[in-house]
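Read from first to last, the chains carry the letters A, B, C, D, E, F, G, H, I and J; within each, the first residue is number 1.
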Amino acid sequence: MLYLVRMDVNIPPDMPKEHADAIKAEEREYSQQLQHDGRWPHLWRVVGEYSNYSVFDVADNDELHTLLSGLPLFPYMDINVTPLAKHPSAVE
Amino acid sequence: MLYLVRMDVNIPPDMPKEHADAIKAEEREYSQQLQHDGRWPHLWRVVGEYSNYSVFDVADNDELHTLLSGLPLFPYMDINVTPLAKHPSAVE
Amino acid sequence: MLYLVRMDVNIPPDMPKEHADAIKAEEREYSQQLQHDGRWPHLWRVVGEYSNYSVFDVADNDELHTLLSGLPLFPYMDINVTPLAKHPSAVE
Amino acid sequence: MLYLVRMDVNIPPDMPKEHADAIKAEEREYSQQLQHDGRWPHLWRVVGEYSNYSVFDVADNDELHTLLSGLPLFPYMDINVTPLAKHPSAVE
Amino acid sequence: MLYLVRMDVNIPPDMPKEHADAIKAEEREYSQQLQHDGRWPHLWRVVGEYSNYSVFDVADNDELHTLLSGLPLFPYMDINVTPLAKHPSAVE
Amino acid sequence: MLYLVRMDVNIPPDMPKEHADAIKAEEREYSQQLQHDGRWPHLWRVVGEYSNYSVFDVADNDELHTLLSGLPLFPYMDINVTPLAKHPSAVE
Amino acid sequence: MLYLVRMDVNIPPDMPKEHADAIKAEEREYSQQLQHDGRWPHLWRVVGEYSNYSVFDVADNDELHTLLSGLPLFPYMDINVTPLAKHPSAVE
Amino acid sequence: MLYLVRMDVNIPPDMPKEHADAIKAEEREYSQQLQHDGRWPHLWRVVGEYSNYSVFDVADNDELHTLLSGLPLFPYMDINVTPLAKHPSAVE
Amino acid sequence: MLYLVRMDVNIPPDMPKEHADAIKAEEREYSQQLQHDGRWPHLWRVVGEYSNYSVFDVADNDELHTLLSGLPLFPYMDINVTPLAKHPSAVE
Amino acid sequence: MLYLVRMDVNIPPDMPKEHADAIKAEEREYSQQLQHDGRWPHLWRVVGEYSNYSVFDVADNDELHTLLSGLPLFPYMDINVTPLAKHPSAVE
């Protein structure tokens, strides 16, 4: 089941660089694991912003919330979720 | 080059049903042709709305505008375009 | 799986009363059938508005879209869907 | 009498973890007491956000404000209240 | 129990004047009856707009919705309701 | 002359409690003095928010600004003023 | 007493031109009478829009509402009123 | 003196096609004349929308308003004007 | 050439009072100099807010930006500029 | 390929002046290099704001994101990107 998710990252400007780098490294690893197991099939950067649009493919609402709230950057992000359905004209 | 596009359809309530059906049929054919040739790789329905989120893969801004403004439903849609870039953590 | 849905009804002021009444009667029957089979467990009126907040309990995003887009008043409503997850402090 | 309430939690990023944990534990206990006595019949997590939608069943506006302003997380939340009425098509 | 209510009137410009005048006369009578019986204690015009701010004093949410949805101008108004509670510094 | 005023209080979370308590006590005294002399005839709490809706009865715009900008909490509030006029259907 | 007023004109596109011209002529005469008697001291066009910013100098809120609601274009305008006070640094 | 101008075109869907085509042809001629005489140095289409961003180079606010309000499509457009100044880092 | 300018002042709550007072004194002097030389003909306080609406009369966009960005409070203000043109019904 | 980009700069008020000056100097150099090589053909100041509107001319979305995210002020800016297409009436 698919969801479009927009994430806007707002790291406090006074967070020490090493701390921020450590969180970003964890975020990257966490994200790539989910991409590899198929639950995060698309991850795109929004041009000009520290934001992404992603597509998640999960079993249900609870699984999606568990994945998103477990993101290392979760405390520093605004996240907006749009549930997607099959489009009648889609050929995929 | 990828773009995320949201389309919200607003057909006037007094448009005759046959006219609306004809436009929707053209829209479907137009859309499926672009899906088949690879320029409209994703088309999803927004749950609960007469709207879609789509991903387009085109050569440049001009090609995207040509495709979108040629949509049979173009006069009846609000369209919003977000240019996408490769995300540094994306594995795809 | 639960979703919170807000529906705002906007019937065109020039729709003949009999037509509007017929659609509303269909809407009522459609709604009560879904309430009885358990897929529309809550339906509340927003005080002062021709709007409702509802909770739907369905299998997935596609089923929810099918139910909502089949509402007799669907062409005359703005609908907004919020996917819900279990809250860690909920006792229900 | 029912109200739909949305709560968005914004804990300052520099609050010490023990302090935040203590407030959250109080919040959980406070919330579960109200759930058990029937005044907070529904509590749902908004997917992807540190937010909830809740339904409260209280005697009047004053009681609702007393309950909400007594929430241990009240100083760190944006709260929005929508009064609900019986829907003419509701079967519950 | 008090509620602050804002009403914005939007009468379609093509409604015949006699029809509009008849609705406004009914609205006036309806409003004055509720003012006299104490359930609509305040009614103020918003300067420069075809809008009012009102205070209602009713038993509960359902009574308020019944009163508001019975307004002759209800189909032509946007209504927004804010539930009010006693303020701890109020002397009234 | 009447004005509807909405005040939203935002006390910085790191203000020492004694300081905040002192300002709130001054605010209460200031407010009650104006309520007693008739210039602040209504003061209501917005349910679920650290906000109020108030009605002021003053001679002119300048007097209202003097009163509002003299509020001890003025530096920590967002204030929005709506000038009110007599409503043609009001019986008060 | 001064107020800043913004007026946005929205004449329905299907109003016959003679009708629109007649209303505009009345509006002009009405406006110039108030400018001459000193109650409408400033009237400026917003560049690129069928809108104006105006300053009114009247005795009170009721007089302002009477003037604005009497504008021949009133049924076709969105009007927004901001009460003004003397600025402590103003030399005028 | 430069201004950035955004224009969003909203032609009523029930305008006869010949009428719309005639206005668009006038608009094109009007626009190209201003482009040739140097007062409309840039005209770009917003991708996916019936809108443009333009740069105007005129003597003053009045000249800009005269040009914009003379556009054949002016009655059917929302126009937003942003005055521009020389940027201290600009090399042009 | 006239512009309407709205300025909203947001001084950080932790700025030392002497520092804030010094900036405000400079602002006052700066403002009154421009009022005296005719380039800042109107300066009004927005009732209830730490904001002003002003009218500037300058030669061009660049001069306005130079004046505004030179305001001692500039780093602590949100400023919004609306270019004004002569209104066809204005008698001034 | 052209894009309109709006950048709003928000430097934290507690950043030491030397640090801010150093970043701004880097920003200036970075910007002028891109202006000279033709990829940043227009850079305008928004009158009254610490903001600019810019036009970029780059090969694709990825190049634009690389340029923008490399701006020394990138962590302190809100950036909004609008892709532009050739306008059918443009003569340039």
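Here is the rule we use: a contact is a pair of C-beta atoms (placed from the backbone, for glycine too) under 8 Å apart; a residue touches a chain by one contact, two chains touch by 3 or more.
As the structure is a computational prediction, the values presented were derived from the model and not from experiment.
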Set of chains whose contacts include both chain H and chain B: J
Recurring contact interface, reference B-J, options A-D, B-H or A-C [over half identical by residue number]: A-C
Selected interface, A-B versus D-E, where C-beta contact pairs are more numerous: A-B
Chain centre separation in whole Å, for chain H relative to chain G (CA means): 26
Chain E-chain H separation of Cα centroids, rounded to whole Å: 43
Multi-chain contact residues (two or more partners), chain B: 2-3, 45, 47, 61, 64-65, 81, 83-86
Which pairs of chains touch, using the document's own definition: A-B, A-C, A-D, A-J, B-C, B-H, B-J, C-D, C-E, D-E, D-F, E-F, E-G, F-G, F-I, G-H, G-I, H-I, H-J, I-J
Chain G-touching residues of chain F, taken from the complex the two chains share: 1-3, 60-62, 64-66, 81, 83-86
Chain I partner contacts - residues on chain G that touch it in the complex: 2, 4, 27-28, 31-32, 35-36, 41-47, 52-53, 55, 82-92
Residues of chain H touching chain B in the complex: 13-14, 45, 47-50
Sites on chain D touched by chain F in the complex: 3, 5, 12, 15, 61, 64-65, 68-69, 75-76, 79-81
